[in-house]
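Each of the next two complexes has chain A plus one more chain, namely chain B in the first and chain C in the second.
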Partner chain A sequence: MNTFSEKVVKILAVALAGGGLYLLAAYEHGQRESIRRADVVLTPACIEKLARYGLESGEYYQSPYVLQRTGAKLATRGYADDDIRAIKRGCNIIDDTQGKLASDPDRERWNTRRFIRGTHTACRHCHQSVGDKQDAAGNRLVGSLNLGASWTMADMYDRFTGLLLPFELRQMQCYINSSNGYKPNIADDVIRDVTSYSRFLSVALDMKIANRYDEQGIDEIPASATPKQGDDYVRGEAIYRQKCESCHGPQAFGRVDPDGRLVAPAIAGPNAWNMQSRNYFYYVSTILPGFICRNMPLGQENTLPNQECRDIAYYLSNLPRPAGDRQGPIIALRQQVLMKVLPPLLRATGSARGKAAAAKSDSGE
Partner chain B sequence: MSPPHAPGENARGKGQDSSPADTPKGALLIVGVIGAFVLWAHLGSGVQAFRSQVASEPGWDKFSAGYDIQYFGDDGQFVRAVQSGYNLIFYTYKYAPRFTRKKAGDRINACGSCHTAEDIAYAFVNSDRFDPKLGARVSFEDRVMRCYAGAMDGFVPTIYDPAVRDIRLFARAVAHHLQLSDGAIRKAK
Partner chain C sequence: MRAPELALKYRALLGQRWPALSRNLVVGLTLALVTLPQAVAFSVTLAGVPPHFGIYAAIWGVFFCSLLNPSRVFHGGPNTAMSASIGVTLLPTAPPFGAEYMGLALTLGLMAGLIQLMFYLIRPLGRILDLISEPVINGMICGIGLILIFRSLTTFAGLPLNTEVEWPLWIAWQSFLAVLEVGNLHAIQIGLITLLTCVVVQQFDPLRNWAILIGIAAGTLYSQHLNATVGLQNTLIEQIGNLSSIGLVFPSLPLFSQESMPDVIAILPGAVTLALLGLFQTVAAMRRMSRKAGGFTDSRKAIFSDAVSNCLLPFLSSLPTCASFNRMWLVHKLGIHSRIAIASSALWLLLLVLFFAKAIAVIPMPAMAGIIMLLGANMINWEDIKPHLKSRHEATVFVASFLSVLFLDLFEAVLVGSALAVAYSKWQQAHPDISLRGDVLKIRGNLYYGSLPIIESIYHSALAKGQDVIIDFSECYYIDQEGIRWLSGLKARRQAAFVDRRTGRDRRDDEAAETPGSDERRGQSRRGRKQDRRRRSDI
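== the complex of A and B ==
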């Protein structure tokens, strides 16, 4: 009898634990569904972007951008309210990944912060103008990491991973490396909503599946596209001080205004991309220079010569940053130590250099 | 000093059965089972699913020429995946036997029994949309997985499985040839 009641208690405990888990899962599922059905409050950049592309529910969709530029009245399948909300949420995630503009980031951005280490990263830092960068005349810019073009070119062979890389997996890599964070599930709403937004961009810009577009990805700059002076750390630092420091800060740790709002993202230090990111010069030496040349400084894109972009990229990649998932614990520890030790040292030597320069100029030398 | 255990009694007390792991034989058995599973997983389970060689089935050459698959290269991972997608769609019973109960003799035994290549390309560019019948937004992969379980009277592959992935890549290649954009509407013939 004693053994029997013990068994009953055990069975009841297991049943209770299973039932509890089921109820928790049902509750979470219900919460997600309620978020999917909730109205979406757009960020200012998304309001502008989606209004420009005429996103509305209806049986057919016609892109005002395509109509204006080509005169073609291309009707594609329209969007249901659920689709519209997914596209809006995706746009918000690109523009405000960490939910700094949201009243409830956990609900409005699917708590995207849980996949990101650090406080600086947002998708729009690389995918500028909410993933669709254009000049004043509405021309899409070469090498501007357009998300619509990325969608049309997804599933192609990726030389870095050796995979036929789906769009969803590419997003997961961004979270792991560019955001130095964690991988969302492939079916997570975080991923699906960004895919929906990217697909909408591809329709709004009339992009065809698997065609090549100049605005897709980076316009990479290899050493062979320079006068072959060699990539120079010292030259890179000098150009950084001249062209980049005013926004990204003296040690490239980014800049935050007094209200805590991010002015410019970190491009080195604990909030920056890690050593497994394709932006890391020692991993891929052509991507960051390409990004700098085509997208920086803001408002003066395409003004830096190729060699200067490579020099800046080389300099930046010598500053301490987190290790990636393939570097192992020793390198990770080294990077953590460097990120603790170097900043005060550089501050001290930087201020000493500043004082020496000021003394030099005071003495009229 | 603790008393010695009586015969039939173990350290946990009288009447309690010892688990297999308590004896060296039992532990060996468990290690053996785990080892055999690892060996099977390594050698036997995934080789076919993840191999990069693709068999050429009747109709592939015509299809490849008709849909200009050469745009993606004479050969390469993408082209092989598209070819694998072709095999999966038109010879499902042969190339996805894990996910269908259909046999060669069945009247409907492949995706191609109901869908043309163009149907699949249009389904792809119109995926990730709200489906009023299901009351949810449905991805292309969801639809493929549903087909295996429903029309193919079989089982649901995971979203990562080549049996799903290669059909998506096949759809991409056909959509490219037709120069479809996302949400393209099929014109009535």
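== the complex of A and C ==
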């Protein structure tokens, strides 16, 4: 039987713990609110992108892009100052996810680093040109993962999981698998701001819901779109050495300048996407080849034949990378061991084999 | 007897029994209110089926189990792990909430029920479930308690649930940070008021059984006050919502069409997992809680009750049922061990959804989350943990089960904990206490194929020293066939003499005859005597 004092202590302990939690939450909410109201310092790419699309507060918004392309003066509802700041923060997150250009990365990027395990990942690596890739003439490119088109075509049944997948949940999948990290809560500003930016892009590009846009997602390459030679690891390695190694490094672990600036992100190893990402060839075999063909090598897009893209993707997916979050701790441990053990082994054995394959490929055999 | 007299007699009887009955009914109502949000959450967020699946499991699943299972603490109904397992199994086959998916969910439940029936009919299969030891169960209970707290964090702060599977500890940490940074402060206020009211009321013994109901009422009143003053559009508090479409029963048929056969075959391994998941939890929870309540129920009866219920429930649009650790803990904490209380919880829930759907609809989810957190905290009881920490073996098994729940899942926790417990017991059996004093080799423990190499090594080292060895079995309580053959070999080669001090006779003279009367004088059990006689005759 509890004594009276024990009961009072119990009540006080619960009251203090609960009150402390509430006060801490109120303080954190205050901090968030101050960040939401603070001016946003844009990254160079975002300054260019948002200036080009004429983002300003006002009662109406008119897209200079649409005016230039079609001559139509389309006026849509304008943006308040809060909206403008959210769009700017969203653009910054896409361009500089890890906050390397920010003076206070965690505050200015809503702690995105907390949701990403590696040090390389940024949204713009897949969603190039801040989620809106165009050619010199301003044409949007097929299969370029355009964020405006993704927002317009979101809220559809996902064909891989059969789930009705809102744009916010799709972002969470990016954090879990493509960034090999943890998903933020769906109500977090980090998700809301990226949605704001994507929605703005769809307005600036005059995209309409219920339409289908080729620039959304990936232009997938199935085996049926190749001469049906079969995907080949050795051929893939040889092409990788020729076309990709100079940027992504000999083991595809990415390349970082001596001053810490990221030259090219990892596409294998601990900083890359995990084994449950749709980029992983064994999980979905059509997406990574599609990305490679339409977006790589930078400046020479659409130059690789379909079969070569599939070969490179096949090769890359055989390199060690982190396990997915649903594969359990044993596979995660196995992958961690492989990522430690395989690189020195590959360095010792792979270079000679790779050079021989490249020489064979050059000689046209 | 005239009608007025009969009425008076029954009134008197009711008057006599009313205090006990009313306590049962209050506990039933509390259980019904605690089960309701779990039923809705498990079916929608975990299993991918509409909420009435979970609610019917909480009504008919609980009711069938209370009729079929003689345990006074058993509370069935929807279960977290089973619901999650249904979602994971069916995800590749059809889109959730669709007609085909729901049909396959019912098929999966029926197949699991039939597999469970097999566990009842084939007795050795059912006995496997008894290999779950107490440290495993307590480790699991503590793990589940923590998981309940973690899982409720987001609902407590009015945030959407994280529905995808991730490692629970990472989810918990991210959820805690999300509560602080982006949680709904109104929701946190409601959750805290509910929690604090509950804790305060629990301290008054006459009101202890009412604590949860009073807590929910306080949270609901505060939520209604906020909605009236600030407006629901500003508070954005999630409520249980409208359940008025749910009726008495909703008949259904599992999907077994010719077109669905490939899918049915594909989900068969999932059905085996589901069946085992349910049975392991049922047997473990029932044994633990029955012991706490000072009773005993044969686990076969629980297997039978689960199996029959799960064969019936797919025809009533219901999720499968199995024991719920947290609700059984609540039954125990409320101090009422009675099947009436448990059956009444099902009937209360039925009445609530039939007649009070509008009142239930306004109960705020943060208040329910606060209650579930309190239940989780109550499941971690130092008095239950302390005894396991006294033995290194038990502590290891306890910690392994606890961590497995947090890092793996419930099913794997049972496997890891049980495997460790069995391994430890085998290790102990394989290492009998052997002492060589003078020429007497005394064996305390088991003489079987596992311990034989150790005994042999000491025996041969003694022989090598040129000693005559006498093997003393006085404290040897089990010898298997391999041990008997070894001893027979020694006897045949005249390499050793044997002694069993329990008989009071030196057995080196090869006289094995023994009168039954001397056995009785020693007061040995019948089984011990039988083994003893067999051992001697073999030697």
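Keep this in mind: the second predicted complex is superposed on the first by the 347 of 365 C-alpha atoms of A that agree within 3 Å, B and C clash if a C-alpha of one lies under 4 Å from a C-alpha of the other, contacts with A are read in each partner's own complex, and residues count from 1 in each chain.
Note that in this section a contact is a pair of C-beta atoms (placed from the backbone, for glycine too) under 8 Å apart; a residue touches a chain by one contact, two chains touch by 3 or more.
What you see is a predicted model, and the numbers here were worked out from it, not measured in a lab.
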| item | value |
| --- | --- |
| Fit or clash between chain C and chain B when superposed on chain A | clash |
| First, second, both or neither for A:Leu21, with chain B first and chain C second | second |
| Touching partner for A:Arg37 - first (chain B), second (chain C), both, neither | neither |
| Which superposed partner A:Ile176 touches (first chain B, second chain C, both, neither) | second |
| Partner chain(s) touched by A:Ala187 [first = chain B, second = chain C, both, neither] | both |
| Partner chain(s) touched by A:Val203 [first = chain B, second = chain C, both, neither] | first |
| Which superposed partner A:Lys10 touches (first chain B, second chain C, both, neither) | second |
| Chain B versus chain C as contact partner of A:Arg114, first or second or both or neither | second |
| Overlap of the chain B and chain C footprints on chain A, listed as residue numbers | 157, 186-187 |
| Residues of chain B touching chain A in the complex | 72, 76-78, 81, 124-126, 128-130, 132, 136-137, 139, 159-160, 165, 168-169, 172-173, 175-176, 179-185 |
| Sites on chain C touched by chain A in the complex | 91, 94-96, 154, 157, 159-160, 162, 164-167, 170-171, 174-175, 177-183, 185, 188-189, 192, 195-196, 199-200, 203, 407-408 |
| Footprint of chain C on chain A - complex, ascending | 2, 7, 10-11, 14-15, 18-19, 21-22, 24-26, 28-29, 32, 114-115, 157, 161-163, 172, 176, 182-189, 325-326, 328-329 |
| Contacting residues of chain A [partner chain B, same complex] | 60-61, 74-83, 86, 151-152, 155-157, 164, 166, 186-187, 192, 195-196, 199-200, 202-203, 206-211 |
